[in-house]
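Can you read through this structure? Questions will come right after.
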């Protein structure tokens, strides 16, 4: 019976929260599962560490950090907002463990270089999360020891189908334990300051309501600062054009490797190795095979592929390992048609445009209020006034009103840095010169015939 | 000609120094070499991240950090202590570039899990560093472009044979750019506070002298704090018993893999894979092969070995990946003879003591003054008084006097955690009980027959 | 001749910049003047420390902090942007000292509780600054030792009439050394996080231009963050309603004291004391007398006035010293006419509304672009693109666009906290109840007859 | 009845603890008393802010900070170590409020410039603390509303006569809430790093025992770091020779004022003013009068005394306000007899040695174990081992062993800076030269006749 509190709490030292406090046997056992330990082998920000070299932290730290925030919230709710009668909209003590487990496991389905991985191999980390929780795994065993339906409860919280909206919103909303932890954590490890906000004040002013979670009006500016911080982290860190230049390399080299694999005869397929083969073959990927793949496996095979006879695969692998990203310029809908010209010039210079150029658009909707008619309506951030009425965040904050419902984006075209070569005696000096004539102030532009 | 200053300095965002300022083309080119980028793939603290999950930072950040400290020092020396005449003991401007390059490259020879690696495979990262700088590498090419003898100068600084003691001491001494960076960096990423000290004050009070580097008396307490911080980081972080329990696992599994490799027929050797084979074979390891091996390669093969038919290799690999370290107790010279009994009990319980137990002693000499008659005399830390005379640190600081010349150590015996099982119906309940009778207050002790 | 560099730089330990570096004899001598040391006796944020108890820091620290930022900027400009030819729009070395002196002295004319002081006594700290620099003061003597016209140059920089717009903008613009220091400093001492921004990046991307100061496009997000931080500090700290409730007390008690002074016979005037008398009398205040008044003097007389026979003066003084601020509610132009009713109710409850109520409006225009036709056009924040063209901040930042030209404000009505008493047996229970009926959600509202 | 918990906790923003949480009405009411608010008007470190300009923080912040640490400890004890049976050595819930009140009020008896004040006027802040708690004060009224004997309980905790040693040691021991707060706070405001330590870990490992407070062995290094931090703060901040040069000025000017007061006729005594008169007269100082005196009062009268006809009082006052401290050199028992020579030389140069020179010795015993036979035996810091036995700190830490029982000291002689003048045409050039011949490496030394 695993519901037990630990006799002495255990702690993990953490640079963001100082200590992660583990008070329940089930939480300790979950952390000790093979599937959870695997998160140590997957970087939180993928290839972003090629730009921000401090950001080499793994999903393990983020997962226990999200758990710690959830633990603090449930402790606060128990102390101040404990339900006295059914339907009073307050916090129910028996939601604690499912909240903590869901916070801890919310990212358990993530794989190496998630973004690239999902895009290329068609996996879905949310479905995988459910499979890990409900399938034949150590995690399932630990969860089931609490109660037979406990795994399903945890999975439904993560899938947002759980019936208590307070728990769902703590785990997934526009201000949830996931986002709070990753903003603080990514700011700390990148060494940028944009992601910092006053989490203590936010947690103090958070309160359960009948429809989920709301905030005391005294926390308005801390919440506003959080939304602005998130917005700035997207533009400054998550959209960073150089990271995306590395991602393009990674995607193209994996794509090339898969094409080579498919085109190869049986006895030539072994450049892919046993751990990656299930991914490259046409059969569906089992959870067992999925969990074998981590950053190390990818990095090791890319290292081997530097010596592959295919010149495109070996060159892209070498560029990736030596951190020589593709360069980029800003494009927009008006200038996008000119990309055909650029692809052609890159081709003339000897690069296969399919692998050496790319259009890459980064998008984010930093905040929106509840819009019942859209496909995935957002849970808006609400504040409670003295008389109990609610006000939505953007009604109170001109800053948030300015970005509400506005998609941030950064659209770019990637190409080999060599295209900007300015050596006059280059074989392709004219091609390069023509190429450069399309670029002004780091943006794609119609070339001026005279200049 | 690479001595050029960059037109615009480039910066890397760094959590410790905020920015790493790159002002010289040669420094930029060194960072962009394949051999230097490889440092991104080697964790600074190896398996320590199994205990301090924030400490997943690589040697890349530390190397550019040590460079940045060197850059600040040379800038300060140029501004305040520029030599006016030969032999005046002040700073010579043309030592700048060799100092910066040596700071940047001082760790270039390190491999994955250095400590374990060197111990097991008999490599020497200092010799390898020299080979990388002097051999057929991108780094050598960049260095040689400054001047034909420049690679050799950089190598001799790192080897401490360079003739300017100021430069040597900046790179290797009891208060050098290496130690200053790693203490601050490891403190930041582990989230402990012990490693923090006032680097600004230390750098401000550092000055060149005829015999090397000394400090203004105004910096005494900052230097004392640095020595104490270093002492505390060793005891708290670098000696951590749980990390060492992981290191023992790693060493034993690699040793087992090598034994299996040697005992295998030719066609059974492929469990080791192409990247590790040069390491396991009897031929000397070339630099080329050495540079192919990083954390990812080790971790990937350990992941594969979980499925190896040898039960010891597969079990140790699984324990290592799932973070199930060996447990430990404190031993001393008096109790060490009792270890034979424990090894025997571990054997009775079914574990091969060669792989499942270990004695592991951690040592460090935190500070010493200059002792001309010892094998490797230390360069002591000196302060300059108003009248120009020198005083050694421990004469001024009772705290440093207390630890001067005293080796810190922590001696332990490692064994499977299962030996502490207390379930009464266990098959080996009596063996376990006997085993536990040797342990008191987490230390090895002569068992009391009655208890 | 005071232009000399100091042989050894002196440093002051500073929590914001770590060290303030003093490299010139004239700067050291200015700091050591009687007039500059007086800044230690004037709190930077006045009575704000009644709310944020950490914010007890004086104008001295802020003044040397603004100097330190100026010093870093001029050092950076000298290294990277030194003028090669007249009119090239780059930095001229001989502007260094006037810039540093102006940064150090920009607040020298401030008095105790500046805001209240100027409002009540009609002084103008900018005029006083000029008088201190140009008059018979130690500061003037030090400045004049550099060159006869040096005091005037420094004064004209502060008055914004100096002919080099680079120097003027460093000292006074929407992103100047004054604002950068006080935001960081006030954030640090209050313990709020809103005021933090990445000053290192801002200073790195700042550059001189023909028309003043601009920024490299790479600094855009750091500048945006600074503008947002400033906006949030105003709303969270500088507009804090409880501080303003203390300021109202202070203003009313000083006003009452002046009225009593004017109405008193000659031999009854001594409750004001020798240091304050010049302020209360009708004669113009001399610089000599002005410089005698600091926080201590005001606080000491307020302490004495607790025992003054006038019940209003003694009560307001006691409330001020015991930190019992007036309470407040939010008002707007629509509800403002109701304030007459409230004043009447306060009168019925026995408080003289002239001294016990107040309307207090806090305003700030966080950022604006250059508008040639307004009374005091602002110098806008510009960024330089690759081709040398400029872009104004709000064109690049949606966040700044949202607050550009928009005045932030917070309008409030202050009254004795006792008006909210809810004891049913109070003498004025009905009056209090009527008063409360005007308040809803902390705002003034038309009372609902039924409620 | 004031034992009530507040319906909603109130918070004060604090730079050290982020928030001070106020959960009990009695604590809120104590903070709102006139006597407690007075702590805002007394600087924590007195004149130390003349050296560390950030350290202008008052005793108010420290007092609520000590309270906050006590609150966290009692919360932790209630959660983990609640007494189950009398005499079990665990924490008793009903000690909470007395602990919190004692923590909050432990410094309530401090006056302005405490050190100087007590020395000169013979007051005893501990006796005054008791009087404030037991006398006719607002604080007494609030405390008595809890229970008639509650004021006495609080006073006895502060006096260390309370019968529960756990409560006494939390408030006064070598590792108490007072010291923990002031080290962190003084480090923060001075901007030094020496005072930082890991308070979270210390609080986590603290536990109640039968004889008081002990620590889990896991906290050993954090406690060691705290002791070392405290030692370094004394040497670096609290012993700072320049602060002491200001303190000597202050002491001498107050002493001179008192002598003038005593020598004056009745109608000449008014230079002292009503608030200071009770202090200067011969009658015993009442609590009422004591509480009227704060930093502001002293500073205001010192400002007035700059214009006093007595040249010594006016000169010392001017030096003090303009921050022109006496200079100092290091002395020891051997060189002390030479001070007579120096006093004589200072006299020849025209300074009254009684007021312009001083011997000033700073002392501290950083840590000691329990010594039953000394006058004031210290409560040693103990750790609990697995088997329940105790070990004293210095047995475990070589660093602490090095400073245990060792008094840190810094003995100095103070004199006018003008004595170091080196202008050759000075009237007293020879006297100055002779004076300087006694100084070598900033220390007093027997002059060498030839040099």
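Lettered A, B, C and D in written order, each chain numbered from 1.
We take it that contacts are C-beta pairs under 8 Å (C-beta built on N, C-alpha and C of every residue); 3 or more make two chains touch, one makes a residue touch a chain.
Bear in mind that the values here come from a model prediction, so they are computed numbers and not experimental data.
Engineer: Find the chain most remote from chain D, comparing centres computed as mean CA coordinates.
Structural biologist: A
Engineer: Identify the chain pair with more contacting C-beta pairs: B-D or B-C.
Structural biologist: Between B-C and B-D, contacts are more numerous in B-D.
Engineer: Please work out the Cα centroid separation of chain B and chain C, and write it as a whole number of Å.
Structural biologist: 51
Engineer: Can you give the whole-Å distance between the Cα centres of chain B and chain D?
Structural biologist: Between these chains, centre-to-centre, one finds 43 Å.
Engineer: Would you pick out the residues of chain D that each touch at least 2 other chains?
Structural biologist: Touching at least two other chains: 18, 192.
Engineer: Sort out for me which residues of chain C touch chain B in the complex.
Structural biologist: 11, 18-19, 200-201, 204
Engineer: Please name which positions on chain D make contact with chain B in the complex.
Structural biologist: Touching chain B from chain D are residues 192-194, 196-198, 221, 224-225, 228, 231-232, 235-236, 385-387, 389, 398-399, 401-403, 406, 440-442.
Engineer: Touching residues of chain C toward chain D in the complex: what are they?
Structural biologist: 12-16, 18, 32-34, 37-38, 40-41, 49-54, 56-58, 60-61, 64, 188-192, 274-275, 292, 294-297, 299-300, 303-304, 318, 321-324
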